[in-house]
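Below you will find the structure I want to go over with you.
For clarity, chains are labelled A, B, C and D in written order, and residue numbers in each chain start from 1.
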Amino acid sequence: MSGNTFGRLFAVTNFGESHGPAIGCVIDGCPPGLELSVEDIQPDLDRRRPGTSRYVTQRQEEDKVEILSGVYEGRTSGTPICLLIRNTDQRSKDYSAIARTFRPGHADYTYLQKYGLRDPRGGGRASARLTAPMVAAGAVAKKWLQQKYGTTFRGCMQQIGEVAIPFESWDHVPNNPFFAPVADVSELEAYMDGLRKSGDSIGARIRVTASGMPVGLGQPLFDKLDAQIAYAMMGINAVKGVEIGAGFGSVAQRGSVHGDSLTPQGFASNNAGGVLGGISTGQDLEVSIAIKPTSSILTPRDTIDIEGQPTTVVTKGRHDPCVGIRATPIAEAMLALVVMDMAMEHRAQCGDVLLPLTPIEASRP
Amino acid sequence: MSGNTFGRLFAVTNFGESHGPAIGCVIDGCPPGLELSVEDIQPDLDRRRPGTSRYVTQRQEEDKVEILSGVYEGRTSGTPICLLIRNTDQRSKDYSAIARTFRPGHADYTYLQKYGLRDPRGGGRASARLTAPMVAAGAVAKKWLQQKYGTTFRGCMQQIGEVAIPFESWDHVPNNPFFAPVADVSELEAYMDGLRKSGDSIGARIRVTASGMPVGLGQPLFDKLDAQIAYAMMGINAVKGVEIGAGFGSVAQRGSVHGDSLTPQGFASNNAGGVLGGISTGQDLEVSIAIKPTSSILTPRDTIDIEGQPTTVVTKGRHDPCVGIRATPIAEAMLALVVMDMAMEHRAQCGDVLLPLTPIEASRP
Amino acid sequence: MSGNTFGRLFAVTNFGESHGPAIGCVIDGCPPGLELSVEDIQPDLDRRRPGTSRYVTQRQEEDKVEILSGVYEGRTSGTPICLLIRNTDQRSKDYSAIARTFRPGHADYTYLQKYGLRDPRGGGRASARLTAPMVAAGAVAKKWLQQKYGTTFRGCMQQIGEVAIPFESWDHVPNNPFFAPVADVSELEAYMDGLRKSGDSIGARIRVTASGMPVGLGQPLFDKLDAQIAYAMMGINAVKGVEIGAGFGSVAQRGSVHGDSLTPQGFASNNAGGVLGGISTGQDLEVSIAIKPTSSILTPRDTIDIEGQPTTVVTKGRHDPCVGIRATPIAEAMLALVVMDMAMEHRAQCGDVLLPLTPIEASRP
Amino acid sequence: MSGNTFGRLFAVTNFGESHGPAIGCVIDGCPPGLELSVEDIQPDLDRRRPGTSRYVTQRQEEDKVEILSGVYEGRTSGTPICLLIRNTDQRSKDYSAIARTFRPGHADYTYLQKYGLRDPRGGGRASARLTAPMVAAGAVAKKWLQQKYGTTFRGCMQQIGEVAIPFESWDHVPNNPFFAPVADVSELEAYMDGLRKSGDSIGARIRVTASGMPVGLGQPLFDKLDAQIAYAMMGINAVKGVEIGAGFGSVAQRGSVHGDSLTPQGFASNNAGGVLGGISTGQDLEVSIAIKPTSSILTPRDTIDIEGQPTTVVTKGRHDPCVGIRATPIAEAMLALVVMDMAMEHRAQCGDVLLPLTPIEASRP
């Protein structure tokens, strides 16, 4: 109800502001008995962490996670898991000048209208920094799903600005700062260097998948697996579009092409993106999201101040020129959280999850 | 939790199957004192109703709604409103042949895997017929929002298959069977007639908007207004993609272009689609959805039966060649239900909704 | 949120008013595959039904239940089950005189204050008639729990007014109109006949139990099994007190007496009432509830009218002189609904429910 | 769903274990603009804090609260408020001997059965220490309700063991370690000193009230104000019974006595306890709860170990001889949290809360 809890059975409540003392989350409902330590969580946080290349914000945050509760002698006890990340490199002085101005593309105007006051330090609650606790919670879900069903989650960059990125191999993704599935990222480096010098920013398109999916996850009518995914993805900062499977490409498809044939060896294609009638088919989940360009740019923009008077704003500080880059581990985490919740709901109603009757191969690489 | 209730404060619980005795919903949480009769609900049901043109299914359903509770002397009493629609033209014999086969693109396979049994009559619970109660519930939300804030909801067709449809005027939408905002639909008629003869089906792209929006609706972090919209839209049968504002177009946009400037007269553009940081700006909500081609087609398809043996299936019966056509009033209703719920949530936390400080004009027609 | 849905995973949404066309409920989340027909539900409805003896209201309602959805070929399909009960013997003319007066002990004043209008016909939504759909839903839960775990639910009368009723045997309960566990109810008959002639009403105390309980049901911290039971019981019309196990008797107990010893054969006593730390022990659940006297009485009462002027009210019509009598099957049903929901939640987090390690005997008969 | 979040609109998620590094909560949904600092919260925590007299546990915990988020420049910002309390005086060595034994009256057996593992240090999650964050959250609710409606919350001791405590005045409550509303507590002191020497423990009965209640709070059918109160109270550790208004006393009342007459000056009595039909009348809320004797006692008790073998257990360590004593501020806090949530729900559906039409006096002192 309250907007800051994600999931119902694996319920993650997020708290904190960009420049407050700490951010974190409480995971309620985690199955007991899962071996868990900070080593399971930190690697995903490190993938999302700022300051790791010249293509992302230079804010230095170690993003070290502490487990404050819910783990006893190295295993989850079934009680709430509080994960805490301290903010260490907040520089609120960077933001004092803009407290009275609405930055275009930012939530300044809407927060003030909604709440009657707003925390201008680093975007406050609207900062993408608040995705860090979700990456931490997602790591817990990933571990349980991996152990229980062998489900794994991966994401990669599909497009930055006008530059489409072909899919070569998942192996390349960890080897470049763009999460790009290609061996050679020199074009992307040049593109991003040019962008940075221009003082502007750019959008991106991310692909995220789940493999080894159990069959039967998702709840009709409204809590369809794909509806939950859309909700999770659109809830990530700056996301403006979500596709499942063929997505917008299905508009111009014939039914005879779109509907994935079934064979004794599995589905012959995956236009469905792993979901039929809101329920998982056992194929790979295939999700694609559009991320808008960073709103914090050096280019001067027209706007108004809190008295409604016209003014101009330039957003200095340390910002990602393409927020889409660091969105890959975030989208993976959110997808894992959706699957986790749906797995638990399925178990509640139907008993333990069935594995697919037949080995099903995804049609996309 | 259970998947068949939409909304939390204006909570709509949907029930029924395509070929059972009745379908319907229970609206819990409706504000008291709203004048309400079937005349407020029936017009939207009539817009969604089958059998109204040769371009949609020929199933004949009057879709007459009954109000079983929650209204006393013509006004809502604050108690649950049960809306009942009887099924009158179900022909289960049409479906008996396919009970043992998984139709490509349908939920047959996933329902059987999830529940261990399935109702094959007309798609059972997975039928798009279950959107009718949502259209009815949406009409109640629309009336309250119109009276309270002057908010209105409209939708139109943007594309059918390869045929893009330019926006001429909202005035044309009710005057053709495609919900197309154009005066001349002869091209669409020819396209659809050809499609119908081919025994195949096609996808569509729908636009849906809200005007006269209050500022400040939506809950960070996860229950963002746009996240709730994405959830609602992706929950509609056959939807494969959702965009807010510039949507996937924002991938190739520069930040200096995407971020909507503010002026004393309002926002200068609406790439945001009426939402910043998950909270409404007061601009028009702008949503676009992709709908896959109808899965029920006369073209023979390869599939397997419930023993896993290969077979071929042809789906006879009465089906929409483009399910997207009748999706327009459905998408409007779902958008209204989201706005209603968010309006009530806002009221709970922040008191009554503020109207925008300045008149804000949407940038798109 | 909305107040008319009970349970989260086995979620029962109730609708209707005492004198509207129909009452009913929608059960969402029922496990699939359960054999279900009206024959499973009607017997419990008949136990609650009015008009069955001279000690209860003479309103004649057959309370015949229809299953509108969610059952296919005699088995639950996992989709929402709509249960409908038509009102047939509403006599609204009985109530027209009191529409402008607040009856002491009734919800007339609070409904008008809350909603700004109220349905005066038979108490509208505040009528105990709305417990009928819960009895119907409880019958579905009972059947599943009986089949899955062998859990059974029973209730009996403990006290009517000043008359305490000793426990002789469960066998007597169905053999008298008071649900009394005694062979000879002549004292109760005389007491109730005297009360009826006096035009007054009286309170009652009911005991309700569950046997064959799985161990481990209930969620700390807030959704304790006993907290959920207290919520369910206090939600029944006219209930003013709830006890678990030793209840208020535990105030004067020493810890050395209250704490139930464990032995290899099970617990040696059941002061806990089957719940420790909010989680079921496997012992019988032991619940006791206090029900206030019927508010509708022939004795004239002082009150005010809707203008705030003093007046006197006499409630004619057909009323139970002791609403507690018909509360027994209602309390059983609500207890079953709580256990059902907790069983499903347990399954979601911890996998399937364990039966107790050792046979545990309840200490009370 | 998950059991560790209380409330829906003012949602408090609790985390931590008795002997972990910290305990705390996240409040989601707090109205923005409320002035808030630790000074508003600490006094209630100090009232609940251990080690303040010889009649409660000698564990020394300062229970200093930190506000980690949700407050900006001294006012709530509408975003989640994380309240953290560090554990400083945990002595886990006290508990190591009992890790393999089930203490009678404790949750040891049920936690192990439910989760397959348990944290034996100080009762882990089942410790009453976890009520501290609720007292903190309750202080926030109290402040908002006081400012908005003038609603205030008070509690006092009614009975300890066999010793009934007459009500003399609220003024005495803060002046003795028992929260007793009497000037002279010498009898209670003697009783408790004797009990402490015997190595045993005792139960208690607490009264808690709300004054200055808005009219119209509470949701029929299930989320009745009194049902929510029963749920909240029974969720407090060791509570075994809950009464509203006349409570179990209503069993032997006639309807002509129980039903509170209305007069132009208000209700003439308060058997209802401030609730009719689940909705607040504007009278004082009157709640009474039974608290069982502390399960941790020095008296040896028969039990079994985790292998099911008979053994004897003595619980050393530092324990409250009567957990009921410190329950008074806890019960007040939980009552405030219920009223807060219901106030917000009312506001969502019906707009802002109405004050009573006429001044209504509670019948009890």
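Going forward, a contact is a pair of C-beta atoms (placed from the backbone, for glycine too) under 8 Å apart; a residue touches a chain by one contact, two chains touch by 3 or more.
For each chain, UniProt lists the protein as follows: A, B, C, D = Chorismate synthase.
Predicted model, so just to flag it, every value in this text is computed and none were measured.
> Moving only between chains that touch, what is the shortest number of steps from subunit A (Chorismate synthase) to subunit D (Chorismate synthase)?
The distance in steps between these two chains is 1.
> When B-C is set beside A-B, which has more C-beta pairs in contact?
It is A-B, judged by the count of C-beta pairs in contact.
> Compare the CA centroid of subunit A (Chorismate synthase) with every other chain's and tell me the farthest one.
Chain centre farthest from subunit A (Chorismate synthase)'s centre: C.
> Roughly how far is subunit B (Chorismate synthase) from subunit D (Chorismate synthase), centre to centre by C-alpha average, rounded to an integer in Å?
That pair's centroid distance is 45 Å.
> Go ahead and note the Å separation of the Cα centroids belonging to subunit B (Chorismate synthase) and subunit C (Chorismate synthase).
That pair's centroid distance is 39 Å.
> State, to the nearest whole Å, the distance from the C-alpha centre of subunit A (Chorismate synthase) to the C-alpha centre of subunit B (Chorismate synthase).
Roughly 26 Å, centre to centre.
> List, in ascending order, every residue of subunit C (Chorismate synthase) touching at least 2 other chains.
Within subunit C (Chorismate synthase), the residues that touch at least two other chains are 1-5, 8-9, 14, 29, 32, 78-79, 114-116, 125, 220, 345, 350.
> Under the definition above, what is the set of subunit C (Chorismate synthase) residues touching subunit B (Chorismate synthase) in their complex?
1-5, 8-9, 11, 13-17, 20-24, 26, 28-29, 32-33, 68-70, 72-73, 75, 77-82, 114-119, 124-125
> Under the stated contact criterion, what part of subunit A (Chorismate synthase) meets subunit B (Chorismate synthase) in this complex?
On the subunit A (Chorismate synthase) side, the touching residues are 1-6, 8-9, 14, 102-107, 109-111, 113-116, 125-126, 130, 159, 161-162, 200-205, 215-224, 226-235, 240-264, 268, 271-273, 275-282, 290-297, 299, 301-304, 308-310, 345-346, 350, 354, 356-358.
> Using the touch rule from the top, collect the residues of subunit C (Chorismate synthase) that touch subunit A (Chorismate synthase) in their complex.
Of all residues in subunit C (Chorismate synthase), those touching subunit A (Chorismate synthase) are 1, 8-9, 29-32, 78-79, 220, 344-345, 347-352.
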